[in-house]
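Before anything else, here's the structure in question.
Chain naming follows the written order as A, B and C, and within any one chain the residues start at number 1.
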Amino acid sequence: MSEVVIENLTKKFGNNLVLDHINLKIDSREFFVLLGPSGSGKSTLLRLIAGLEDITDGSIYIGGKKVNGVQPKDRDVAMVFQNYALYPHFSVYDNIALPLKVRGFSKDKIAQRVKEISGILHIEELLEKKPRQLSGGQQQRVALARALVRNPSIFLLDEPLSNLDAKLRVEARTFLKSLQKELGVTTIFVTHDQSEAMAMATKIAVLNRGTIKQVADPYELYMKPSDTFTAGFVGSPAMNMVPGKIVKDGNAWKFAAADMALDLKGMKFDSEAEVIMGVRPEHVVISTEGITGIISTVEPLGSVTYLEVKIGGTDIMVQYTGLARIEPNSQVKIGFALDRLLFYDKDTEKLLNK
Amino acid sequence: MNRKQATKIGLILASPLLIYFLIFFIYPIFLLFRYAFTNTAGSFSLSNFVYMSKDPILYSSLYNTLYYFIGSVAVQFSGGFLAAIVLNSYTGRLKNTFRMILYIPLTISPIVIALIWLLIFNPTYGPIDYILRTPINWLGSLNLAMPTIIVANGWEYIPFVFLIIYAGLQAVPKQYYEAASIDGMNRLQTFRYITMPSITPILVVAFLLNSIGILQGFTLVYVLTNGGPGFSTYILSFYIYKVAFAYFNLHYAAALSLLFIFIIGAFVYAMLKLTSVERYLGLKRENAGDE
Amino acid sequence: MKKLNILLLLLLIIFSLISLFPIYWTIITALKVNSEIFTTVPIFFPVKITLSNFYTPGQTFGAVSQTAFGSFPWLLNSAVIALLSALIGTFLIGAPAAYALTRYLKNVWLGRTVLLMMMIPEAALIIPFYIIIIKVNLINTWWGLTLVYLSFTAPLSTWLLMGFFSDLPRSVEEAASIDGLSAYKIFYKIAMPMIMPGIMVSIILNFINSWNEFLYALVLTYTPFPTGAQTVPLFLSDFIVIEKSFAWGGLAAAGVIVIIPTIIIGIYAQKYLVKGWTMGAVKE
């Protein structure tokens, strides 16, 4: 009932094209994350859905109804802002009650709803306080309560966790995810933090410079990023990118780069091509045979160790599971998990081996 | 919300101001034109402007206004600047108390300033003449009347310039000075390369606001000298008042008012063209934003 | 370093003396008996203190009075008119206009118009104001003078409050619009309460400017309360004309009465006043 459909949505600020023909479908009850670097247009897209900005071109449908030109208050959406935007002169109670009050709810009904939602969010003891007396985490919960108190059909959040310190942020992720599941409200969540997106989303749309790069669930996004931008943006440390060529050698295909050559057993390509090979650090293994390189840096993190291996002029990041005493400048051999290799066309930057 | 709705809401909220503006600024200026371009019989006439061109009192009023303006700017800026630098450089407690003491004259009504200086500059019983050991007829002498008014007026408005410059000095980030001291700048170099460039916008705005305030001057002349001795302290605002309400020639006074507005307009226009004062005032932003 | 600071302190003390001495002189003159006022060697520290310049039984203000007592009808007019023009200028005109100009009507020319309204000197508009106020039969009334005083309180309020509104984060108002408040409700329930300090600045500055205004009151009012709207600066100026050479004690006492309210504001509202006076020039 409360799905969001976006068709050919374009937004310009003056001559500045900020969103370029966006098409998206967000299903009911989905936890949908808009992921992209700063300035990519995530907030603008969210604000267009909320009705805070005017559409330049295209349409937005909420629950099957076209909402172009509909006032924010009539869209049945709720929003949580990055700085929470609590009303500083109202108590927490009044902050949460206001959306109900202006919709003409009775006093009793308001009191009951506020009590319910503040119970869910564990802020009952804060109701008499003013926003400035609250900690960051508490303010965030109040902002959530204010947004959720009227059972909106769409719940919009613009980087709501970025003002929290690291520990709280991780707690809030878990909390928010289970809250969303419990309430079943269609949620659109904006973030530039790919680990946040991976942790929470049921579906992720990657945005760059005003265009959608990929829409996928976290698993697919991680395993099969459809273009080089997404491949580089999702995952930390970033995917290794090695420019080279796909060449045909008799019946077999080979990858030939400046510093390495690989036999691509069992893979098929349409034609020879200039490509960029992508491989995640955890899909590179240290082994007894393979390509020889020199370890240039060692980053022991505990459960894993990251090794940067220099092969000629190419640096390859390798994830080694467990803690190992490895000395820099020692020589190693590495191998690739062939079924995890991704090849992107050098010109179109699109994934070739789907 | 689209553009049209936004404009409508804006116009409704601004309507009290817009209506007031129409009735109390546009219509008055229209009235000024109507009066200025008619004679006492009510028919169209350029006689007011013809008379204006050869009115000796107007010429001396203009000369006095310029004298008063330049003198006041000089007194108020040097005084205000000095006080601001001194208080800003002083490192001790009571800075806010000193600031308050120094701005108190700014709260005082010009009419009381007039009274105070009547008492203080009195040649027979006043403390100034006693300290100087000679009775001087400050307000009754052709050469001293205007400087006396400039000083009395300065006493009230030096604090204004002081406050603005002091606030500007306080707003210069401390790191600039720390960087300067690491770079090995001496006091003078720091002032020249750090302080001055940082407060230039503030000086320009202070000059604009202060000038407007100075040209408002009327009360001191009215009470202290009534334009005299002779016409030596006639300034434009006082002359307009005299023509309108002592000689009851509203038509000529209207013509003089238009001249006054024109002069101020030219001054402000020049300020806007020659300086970035509009940007400093926040009227113009660097990137003009939305569509 | 130390030496320089002592020199600075010395200078500050001298400046403070220059700032305070005229006020001190007025106050002691108001408290002196006549025989201590008219002395060729001025008395800087009077010994005989009297309140008779403020009030002497049997004397009311007029040609025969030499005391400040009796200024009450003028004070009342001043208080009413200054309050009216400060409050109307702030709440009815300035705040909504400032909000409209920062949020809805982003046109440089509107801002320039406000600036222009602040810059035209009083003397240049006194003639049309006089004509208009006579025409609408409001000469010598509270409302007549209040309407004219709005010509400086309204643009100043608008200007000041524009600065405060544009410093507000937009997201709070956006949250309110999503929560369902209308644009007007957002203005007075959300945005206005958030700039309370600005509202204070505006009211205080308007009050002081109206309280101290002279030229408009001189032309547009001519009798005190209850028959007219003449304000206390006019009381003082008439008193000066009549008593210039005689009742200095009474004159000084009247001067003290006029400056007491604004000096008290000057001391207790330091934060707001300094903010108001330096706004626009100094952006934090």
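By definition in this document, contacts are C-beta pairs under 8 Å (C-beta built on N, C-alpha and C of every residue); 3 or more make two chains touch, one makes a residue touch a chain.
Nothing here was measured: the structure is a model prediction, and the numbers come from that model.
For the criterion of most C-beta pairs in contact, the winning chain pair is B-C.
Among the remaining chains, A is positioned farthest from chain B, on the basis of C-alpha centroids. A straight line joining the Cα centres of chain A and chain B is 58 Å long. With centres defined as mean CA coordinates, chain C is found 16 Å away from chain B. Under the contact definition stated at the top, the residues of chain A that touch 2 or more other chains are 51, 71. In chain C, no residue touches at least two other chains. Shown for chain B are the residues that touch two or more other chains, namely 1, 289-290.
Contact residues on chain A toward chain C in their complex (touch as defined above): 47, 50-52, 71-73, 77-79, 81-83, 85-89, 98-99, 102-103, 146. For chain B in complex with chain C, the touching residues are 1, 6-7, 9-14, 16-18, 20-21, 23-25, 27-29, 31-32, 35, 83, 86-87, 89-92, 96, 98-112, 114-120, 124-127, 130, 155, 159-160, 163-164, 167-168, 171, 202, 205-206, 209, 212, 215-216, 218-219, 222-223, 236-238, 240-241, 244-245, 250, 253-254, 257, 260-261, 264, 268, 278, 280-284, 289-290.
Chain C makes touch with chain B in their complex at residues 4-5, 8-9, 11-12, 15-16, 18-20, 22-23, 25-26, 29, 37-42, 44, 92-94, 96-97, 99-101, 103-106, 108, 110-132, 147-148, 150-151, 154, 158, 163, 166, 183-184, 187, 208, 211-212, 214-215, 218-219, 233, 236-237, 240, 244, 248, 251-252, 254-255, 258-259, 262-263, 265-267, 270, 273-274, 277-278, 280-284. Chain A meets chain B in the complex at residues 12-14, 51, 54, 69, 71. The residues of chain B lying in touch with chain A in their complex are 1-3, 289-291.
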